[in-house]
Amino acid sequence: MEVYLYIALFAPLVGSLFAALFGAAPKTYLTGIAASGLLFTSFVSSAILLNYVLAGHTVHVEMMTWIAAGDLYIPFGFVVDQVSVTMMMVVSVVSTVVHVYSIGYMAHDKGFNRFFSYLSAFVFSMMVLVMSDNFLGLFIGWEGVGLCSWLLIGFWYHKESATWAANEAFIMNRIADLAMLIGIFMLYWNLGSLQYDVVFANIATLPMHIITWIGIFLFIGAMGKSAQFPLHTWLADAMEGPTPVSALIHAATMVTAGVYLVVRANPIYGLIPEVGIVIASLGAFVALFAASMALVNRDMKRIIAYSTLSQLGYMFVAAGLGAYWVALFHLMAHAFFKALLFLGAGNVMHAMHDELDPFKMGGLKKSMKWTWILMTLASVALAGIYPLAGFFSKDLILEVAFVEHHYVLYTVLLLTAGLTAFYSFRLVALIFHGNERHLEHGIHPHEAYTFMLYAMAPLGVLAVIAGMAFKTPYYLMVTHLLPAMTYHIHNHTTFWIMTIGTQLFVIAAITYAYKKYAKAVKVDKKVESGLLYQLLYNQYFIPKIYDEVFSKPYLKLSKLAWKEIDLKIVDATVDGIANIIYQTGEKTHTMQDGNLSSMLRWMVIGLVVLLVLAVAFTAGYNAVNLQAM
Amino acid sequence: MQEHILSILIFFPALAAMFGFVVHKDSVRAYGITVAAIEFFLSLWLWNLYDPMTSGMQFMEMAPLVSAFGISYLVGVDGISLFIIILSTFFTLIGIASLTEKRRVKDLIITLLFLEMTMIGVFAALDAIVFYVFWELSLIPMLYIIGAWGGPLRIYASIKFFLYTFTGSLVMLVGMLFMAYFYYQATGQWSFSLLEWYRLILPVNIQMWLFAAFFLGFAIKVPMFPFHTWLPYAHGQAPTIGSVILAAILLKMGTYAFIRFSLPLFPDASVAFMFPIAIIAIIMIVYAAMVAYAQEDIKQVVAYSSISHMGVIILGIFSMNVEGITGSVFLMIAHGVVSGALFLLVGVIYDRRHTKLMSEFGGLASVMPRYATIFGIMMMASVGLPLTINFVGEFLSLLGFYKQSHSYTLVAGTAIIVGAIYMLSAYKKAFFGTVTNEKNKNLKDVNRTELLGLVPLVVVAIWLGVYPKPLLEPINNSVEAIVQLMHDKAQTLEAKQRIPDLSNSAGLNSTQEAH
Amino acid sequence: MEITLTHYLVLSTVLFAIGLIGVMRRKNLLMLFFATEILLNAVNIGMAAISHFRGDYTGQMFAFFIIAIAASEVAVGLGLLIVWYKRTGKIDLDQMTSMRG
Amino acid sequence: MLAPISISLASLNITTMAPMLIAIVGALAILCIDLMKEGLHKSFYVMVSLLFLLLDLGAVVDFGNVFLKSGSVLGMFDMMLIDGLSILSQIIIVAGSMLFIPLALTSKRFHEYNYPEYFALFLFMIAGFQFMVASDNLILIFVGLETASLALYTLIALHNRSKSFEAAVKYFTMGALAAGFFAFGSMIFYAITGSVEINQIALALAKDEYVNIGFVLVAVVFLLGAIGFKLSMVPFHTWTPDVYEGSSAALAGYMSIVPKIAGFVVAMRLFEFLVHSGVVWLQVVLYVSVVVTMTASNIWALVQNDVKRMLAYSSISHAGFVMAAILIGTTQANTALFLYWALFSFTNLGAFSMLWVSRQKNLIPGQSSDHPYEKFAGLVKTMPMAAIMIGLFMLSLAGIPPFGLFWGKIYMIGAAVSGGYTVLAIIMALNSAIAAYYYLKLIVFMFMKEPIAEYQKYYLMNASLSLKTIIGIAAIGTIFAVFAVNPLLKVITLFVYNSGY
């Protein structure tokens, strides 16, 4: 089995390096095909491992020593257990799909080879992240995906906005990474190891406040990667990257790493339910908060990004409330339909010559039938309509909140579910229904390459069946490792009222969205100039606030530190001391005026001064001696 | 020959430099590369001969020099100095091999070879005066390199570099003499041998003063805030090769000396000064990073980034535990590789455009993709991405200091944030965007000579990031000896508590007494 | 009034002071040399007097040596002065400032 | 009535004067030879002088052996005192002179070397210095001092340029004033103790427990003025830069070394017993004057435009540095003094010789002095070896290891540290840093600037084989000093310690 583990892990790396070989060469499909093929290999290996794990085994290997200093010992160790194999499957499936899709999507891009190199490198990092058997190994993947995210967001580096967004993403993640490092430090100094098994076995022996702090710091780390408030702004900006990237990284995999971390560290969080409540509350808040921003946005990809953010909130609610397997389940389901949604958006963008404003589109279902179907499917799944994936995973979270008696959270999530349905179908309606507004802009859309659609097909299937088909086997498998909590509303009436009510609520939201946007778009000036609309449209002014409160002052402070402190105080002091010495020389060396008289005078003055000192000293000396006598 | 390998390593370049006067100026570059390569392989051989399981000094050589005053030629290596020596030979080789300077190459190469001697001498010396001799002597070649091949402000920069460092080290010299005097009082004999000094247990108040005296010398060299202002000038004006050596090796002398002198000689004072120094280190980290962010000249960005990274090294050293000190030694090497490479990279673009202002560039990624890639890798290494060389050192240094103080480490840890800010924004300014400047349209990508220097560095930066064990193990063993020594010598209760006692732990199996 | 050693010494000191003042004030090189002679001779008086009062000849011996030295000094000094005068035609100190700083 | 004088010739111990007599005989011989045959080439006189100096040195070294066997020797009515200090300083004086005298063999003609009197005066001067150090009798010290000084004034004046005369007159006049100081100081000591022998004075003072402390201090003030003048302590230093500038570089170098070591020995004899007797005033005054001398002259040296003047100030600074030994007064410090000076003489010899070889006979228009910094601009490009040599000497002067002066410097600072003068040690160290600036300035000009065409033809214009040899010796002495330090230290410590210092 270890062989499969290594294949699953390193096949993407090989793909990346292979593509990198052609980095500077002109575009060749070979790179794309090879990378995709290797990923497929990785997927197959993962599947084999999944099979193995399903049989109740786990694989744990230690490849080699990485860091050993003092008592610290960190190997490159990898573990395939119920949790990581789930993640591996998600990652390898989505990334294989995205790779194949990208061959078409990036076909006309100069940086084709480079793109596959980055993309495969990302998959490798992600694999390291999920498969590592210790916290620092996870951190390698953690930073690795950050790097690839930076590379891929800024893939079109000639665009100012893209590079800016790339840097923003990287730096924001770094802020969170610091907290994560601190969490790791705390683990090490308190437990003497960073291996999962050692840590989780001994964590309960620590005092409560230390566990709490560890939990908090690790969660802050997770917040960065999963773009939780207040570190969320980078995710929307990250949409500057190519759309497959958004599908893979910023929807399906990387952003869920935070959730994965919390799930993985469940023995820690299990001990500190208060922190769990905070996580859940923050998750719920983000779910609503992000959904609200998605309501009015006029950028297709940003809408989906906010939706992702919102769904991440759901996952954190589940994780925070101790329903780790639910969180992981939603993570998986979400990965499928959200990636699908993004890839569909990619098709639309291609057809629309990179136009992103859905208000400039419309009626695309004629020319892009399959895309329409797939995106609608994904949206339905996202909205959580029975029997698609979202229903099983998302509604489960609502139930968790309800069962755990967190009715506020439940209400918020319910409301968000409605909002989700609304904005999802607002988007679908705007793009695929109504007038063909894009004709005004002289754009003639066309469907994407067939193989791209075929590539998307598995995701479509998964979006439909993932919930229905996988829930039970998944539950059985993963609860070997995660707390096996079941969330059943024992009162059947309540259960049915809740389920049907939710479904009706969601359907109502969908209908409203269709009604409002499917025919003609009426721009309501009054609403748009309203405070609420402006607030939402400008993302609660948070990017602006960050800019004003952090970025600009930091730059100003930096300039101040350089020009005023460094040059005018620190350096000037040094030069000042030197100058004082030099100037003293300049001023006083005129005492040597070359005139013999003054030279003689200096000598006599010296003598007289010494004489005076001698007399004074003698007088003082005698006085003291007299007193002594 | 094995027992004299250190002396050979030290004096071979100097001898070769003398011979170099005879070599014709057209062939001198080949000569320089040959000598540097031989020296590099000698240093590798040293590594090969080195027993990584032993913590004490190896290949010791001793010859009395001024026996009446206790000065002797005493050299040796342990895990701490071994790799810095190899780094020195490595960078001299890389530096000469990728030399693009056209003016008076012969003088430059001879100077570099002399410089190599002094660098190795500093790291191999175990006698305070011999150490001091090489320490001071290293200033002169550097002075010449900056002053003769530098930019428009080169004379100001070189003199500032020299005088500043010289002033600090003179105070340190007084400290050394005092130390020797103290030894004389204790034993009735003069000695400047470090190993002898290690045996002394000094009264705490004397430790404080001596620590301060040594500190000044080392701090200026490192350079620590607020003694750092010579560095931007030196880097800004120095030719590429000068900056490379300065950043890669010369700065390490200060931090190395902290480990070699300050910690084992003055354990109590080190503990007492730990937090003030940590504050300075934090200032270095954050403040230098901010200043770097404000720079307009890309070389200055790298220069200030050095200060910032040196802050982390200092923090690691004063963590007083094996993890931190091992990390800081490793980070010295890592920072040497990375900053050296970055300066080489800046040199590449400077050779083409004769400017280092970022506003002059933009969009280089499309004109010089290979260059941008290598720069990117090195930048990421500098930022401390895992699996690159810097991460191991930074992680261990911060991890080490976390044991001493949580809040300080939290603040110091912002290094990974602020570091990313200035590096990424500089990279963005220079490499991203569209090519707006006409002059940049037809720039040539890195050529073979330049790759000759850069590729090995990239390889090392990643190799040691993935597999740092060959270095970490010997470093760790030697650091354990030092930490144990410090613990044994510590007198104050605080010091006893802060410095871990390794004698009970399993880690000491391979450790012997340092003397 | 009996003349004691103190008187001699005071005289010596006064003469020395006069010499000093002369050294400081005189701008004429020749006069300056005279002033230095006064200095040395002031010492001679003191030496001779002390020698007498102590009944010890060392002081007188010293005085003789001082006289000899003073004489040679005059020889050298005047030599220099003459050359200087030949070259510049002046023996004014204020002219002699080609080197300074 | 005079008592009958009966002195045994043996007790006269006339051999104690042998070294000086050799020098004097040499001088007289040169004069006689000139009477017999005129117009001999200067090389003849140089070599004759060298031979006599060699004999002189041999005699001194011989005394060294005697001293090691049987301790100090007195002679000539106890006027002569051959102890370790006098032997060491005589060795430095004679050896230093031997190294300087070949500098007369320039390739260009300088008119003073055509006079045999020049060499005769030179030997007289050496004899004078030797007398000065080989006695603790104030009379003999005074006589020696004046003999040497008068000869030196003349040597300076013989350079036969307007500036030389000016220098000679200045030096002479101030020297006369200093002589007055010395005489007056001696007189006061004589008045309160009835003796002019330093050890007698010390005994007498100790006996009455310094009851006349006021007068003692006044005497000390005058002697300090006189010795301070010789050692160029601030503010008695004002002659130094002008005289160095006015005289030839060779002679200036000589002046920076030999007269000063004589002065140091006298100062050691005169002041150390007072310091040890706990005369706080003197300690304070010495402390202050050491610091002021070092620092002030360093600061003035910074702003000089002429290398020779810079070196003049630098040698004031070095003298101040070494004066610290007298303040500290331990054996280690006194040893350091001799060690420092021995090493200093090699380096300074080299530095001034390098100026001397590039001396031009006439100034070019716009040139204000003999050796402006600009003259050396870009030297490394035109004459790399010369530049490296000058650079070497400058680095040594700056105290950069491993060159000569560094070892003197650490031993001296080490002495200060062990003597309990830690602050002084730090001041001394920091002064080295200031000093580094002006030495570096020359290096900067040589190595980092472009050559100026007009000056180029003057480089090494004066060089001849003998000058190069001397420079070579100086360079070897400077570079390999590290190997000489240990034997030097051992010998010096032995001599100094056995002399009771």
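We just call them A, B, C and D in the order they show up, numbering each chain from 1.
By definition in this document, contacts are C-beta pairs under 8 Å (C-beta built on N, C-alpha and C of every residue); 3 or more make two chains touch, one makes a residue touch a chain.
Only a predicted model underlies this, so the values are computations on that prediction, with no experimental measurement involved.
Student: If you tally the C-beta contacts, which comes out ahead, A-D or A-B?
Tutor: Higher C-beta contact count between the two pairs: A-B.
Student: In whole angstrom, how far does the Cα centroid of chain A sit from the Cα centroid of chain D?
Tutor: Taking the average C-alpha coordinate of chain A and of chain D, the gap between them is 77 Å.
Student: Provide the C-alpha centroid distance between chain B and chain C, rounded to the nearest whole angstrom.
Tutor: Each chain's C-alpha centroid was found; their separation is 65 Å.
Student: Round to the nearest whole Å and give the separation of the Cα centres of chain A and chain B.
Tutor: 35
Student: Report the inter-chain centroid distance for chain B and chain D in whole angstrom, where each centroid is the mean of the CA atoms.
Tutor: Those two chain centres are 43 Å apart.
Student: Touching at least two other chains at once: which residues of chain C meet that condition?
Tutor: In chain C, 23, 32, 96, 98-101 touch at least two other chains.
Student: Scan chain A for residues touching two or more other chains and write them down.
Tutor: 589, 592, 594, 596, 600, 604
Student: Can you list the residues of chain B that touch 2 or more other chains?
Tutor: 163
Student: Applying that definition of touch, give me each pair of chains that meets it.
Tutor: So the chains that touch one another pair up as A-B, A-C, A-D, B-D, C-D.
Student: Within their complex, state which residues of chain D touch chain C.
Tutor: Per the touch definition, chain D meets chain C at residues 138-139, 142-143, 146, 150, 153-154, 157, 162-163, 165-170, 172-173, 176-177, 179-180, 183-184, 186-187, 190-191, 194-196, 241-242, 245-246, 303-305, 309.
Student: Would you tell me which residues of chain B are touching chain A in their complex?
Tutor: It comes out as residues 160, 163-164, 225-226, 228-230, 232, 287, 290-291, 293-295, 321-323, 326-327, 330, 363, 365-366, 369-370, 373, 380, 385-387, 391-392, 395-396, 398-400, 402-403, 406, 409-410, 413-414, 416-417, 420-421, 424-425, 428, 431-434, 466-469, 472-473, 475-476, 479-480, 505, 507.
Student: Within their complex, state which residues of chain A touch chain D.
Tutor: 581-582, 584-586, 588-589, 591-592, 594, 596, 598-600, 602-607, 610-611, 613-615, 617-618, 621-622
Student: Touching chain D in the complex: which residues of chain C?
Tutor: 5, 9, 12, 16, 19, 23, 29, 32-33, 36, 39-40, 42-43, 46-47, 50-51, 54, 56, 58-59, 61-62, 65-66, 69, 72-73, 76-77, 79-81, 83-84, 87-88, 96, 98-101
Student: In the complex of these two chains, what residues of chain D are touching chain A?
Tutor: 169-170, 173-174, 177-178, 181, 213-214, 217-218, 220-222, 224-225, 228-229, 234-236, 238-239, 241-242, 280-281, 285, 296, 299-304, 434
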